[in-house]
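Here is the structure we will look at, set down as structure tokens.
So that you can tell them apart, the chains are marked A, B and C in the order they are listed, and the count of residues begins at 1 in each.
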Amino acid sequence: MITAKIHGEAMLELPQDLYIPPDALEVVLDAFEGPLDLLLYLIRKHNLDILDISMSDLTRQYMAYIEAAKARHELAAEYLLMAALLIEIKSRMLLPKPAEMDGEVDPRMELVRRLLEYEKMKLAAAAIDALDQAGRDFFLPAIEQDRDDIPERQEVDVDELRRAWLDVVARAGVQHPHKVKREELSVREHMSRILKGLRNRDFAEFFELFDIHAGIAVMVVTFLALLELVRESLVTIVQVDPFGAIYVRAANES
Amino acid sequence: MSPDKVVEAVLLASEEPLSVKTLGRLFEERMSGAAIENILSDLQEKWKDSGLQLSESAGGWRFRTSAEMKPYFDRLHAKKAPRYSRAALETLAIIAYRQPVTRGDIEEIRGVAVSAQILKAFEEREWIEVVGHREVPGRPSLYATTVRFLDDLNLKSLSDLPPLEDIGSVAS
Amino acid sequence: MSPDKVVEAVLLASEEPLSVKTLGRLFEERMSGAAIENILSDLQEKWKDSGLQLSESAGGWRFRTSAEMKPYFDRLHAKKAPRYSRAALETLAIIAYRQPVTRGDIEEIRGVAVSAQILKAFEEREWIEVVGHREVPGRPSLYATTVRFLDDLNLKSLSDLPPLEDIGSVAS
């Protein structure tokens, strides 16, 4: 229920003659959220039945109110629009109803529907406001996370990589593209591994590069990787004495 | 660190509610929903009589301060959080209960113009968002409430909003 | 609510570190600095072996996540990260499938310059590393993928990368 306040005091009675101290008008007007709000106030204040409003009473009170308010205040257009609507409804109700128009809809119905819907929302607004609200009635933990050195981790999946590679090759217009097979990738993997192993040392002994426990397939792939590295001039293989130790070193160490 | 301590710390340090699924993914060996739910109910019990409460809202699980803590925070914060105007609250209520709605729909219900500022303020708070456009001339935006709105009011879903009162019967 | 619970909840829910003095003012009957410090040291003890630590910094007391929690937060935030640009993905693909390669090799294959930033980003992520230098003028670095790259993509070895057998049909 609305409690319009004038000078801090609840305005419990809206006098029938609607005398409102002129300096209070703005305050009163500000207390309403529009013509529907004002109408609801009048209806509730005067215990009118919202489902069977006396249009002449309501219209008279509404008009008196806005006439008084207009004297001091530039009234929002919505208030005047509502006045026009009330008068229209009132006059339609005054018209004698021809017998065949008995089924005509009560001209007040649309207004009642709007008033009920507005009042529902008005009460709902108050109900929402009464709920506990984060930042007002309760607070959320705000613990700083050690995050500044967490890099942004973009996602990638292997299919994306594959598509990216296919795109590159397609764009390059390669006529006879290199087919990358599993075996070749393992060769490339071992090429990288051997280079990594040589990063911080002058050379490695040839046999050191082979893991004899890894099985024959891996040893073959390692050997192929070594040959590929030689072919691409990324490592050199040296043997100082015939049948002596064979050494592998990164090309840049020379 | 034990899983319950991890979940506790992550929930306390997370800016947003976390779902059971997200919590399960915290662990290298992904944890089942049932295991996470066990941890959550243990934590709920552990924190029951303290200043924070583990609660579930629309976006998932998170800690929040309990109602008894309010006076302490009021003393801590020099300025109280501002309350929304009636115009703003009515606009929010219409969006919450009648969504999705256009600005025109809101104006129709309230009987007055709705200021763009009100909508902008709720959008900035991430309480409402544009979810589409109505296919009429001008293609006005359709507004709806967000998960954040539910989280901030500690609601699990829109159906947890206070029920609309049947005023017609009250009046007669 | 007991004072230690109040202080705990306020510290957990405060955005800024709080001084002993401020904490004392939380209570209707202001609490002495010594009493607050007692509470703080009890809380510090209570939280010692958990994912959060109560610590004092210049601005006052606050909770922060402990170092052991980092991998969990990494996993929590990882999933929201943006995706790599096409240029970055293609660069990564070339390194993965054609390693070891120089920046020049990558540029030749892609037909456009490769930004140093892209290589740096992958190096920082420890997905690629310099495994040597090619003995040509300028001695350009040779890039290869790392074990970390395989781990992060959940591959046992490079040969688990999808094969490209159908490439001929795409290119021709």
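Note that a contact is a pair of C-beta atoms (placed from the backbone, for glycine too) under 8 Å apart; a residue touches a chain by one contact, two chains touch by 3 or more.
What you see is a predicted model; the values in this text were computed from it and never measured.
Q: Work out per-chain C-alpha centres and flag the one nearest the whole-protein C-alpha centre.
A: The most central chain here turns out to be A.
Q: Would you mind checking which chain's C-alpha centre is most distant from the centre of chain C?
A: With centres defined by C-alpha atoms, farthest from chain C sits B.
Q: From the C-alpha centre of chain A to that of chain C, how far is it in Å?
A: Computed value for the inter-centroid distance: 25 Å.
Q: CA centre of chain B versus CA centre of chain C: separation in Å?
A: Measuring from centre to centre gives 29 Å for this pair.
Q: Just how far, in Å, is the C-alpha centre of chain B from the one of chain A?
A: 12
Q: Two or more other chains touching the same residue: where does that happen in chain B?
A: 12-14, 52, 63, 65-66, 69, 73
Q: Indicate the residues of chain A shared as contacts by at least two other chains.
A: Residue numbers touching two or more other chains: 139-141, 143-145.
Q: Applying the document's contact rule, which stretches of chain B touch chain C when the two form their complex?
A: Residues of chain B touching chain C: 1, 5-6, 8-10, 12-14, 18, 22, 25-27, 49-52, 63, 65-66, 68-69, 72-73, 75-76.
Q: Which residues of chain A touch chain B in the complex?
A: Those residues of chain A that touch chain B are 33-37, 49-51, 76, 78, 82, 114, 116-141, 143-145.
Q: Quick one: in the complex, what on chain A touches chain C?
A: Its residues touching chain C are 139-147, 150-162, 164-177, 179-183, 185-186, 188-189, 191-192, 195-196, 198-199, 232-234, 250-252, 254.
Q: So in the complex, which bits of chain C are touching chain A?
A: On the chain C side, the touching residues are 12-15, 52, 62-65, 67, 69-70, 73-74, 77-79, 81-84, 86, 88-90, 92-94, 96-100, 109-111, 124-125, 129, 131-135, 139, 142, 144-145, 153, 155, 157-165, 167-168, 170-172.
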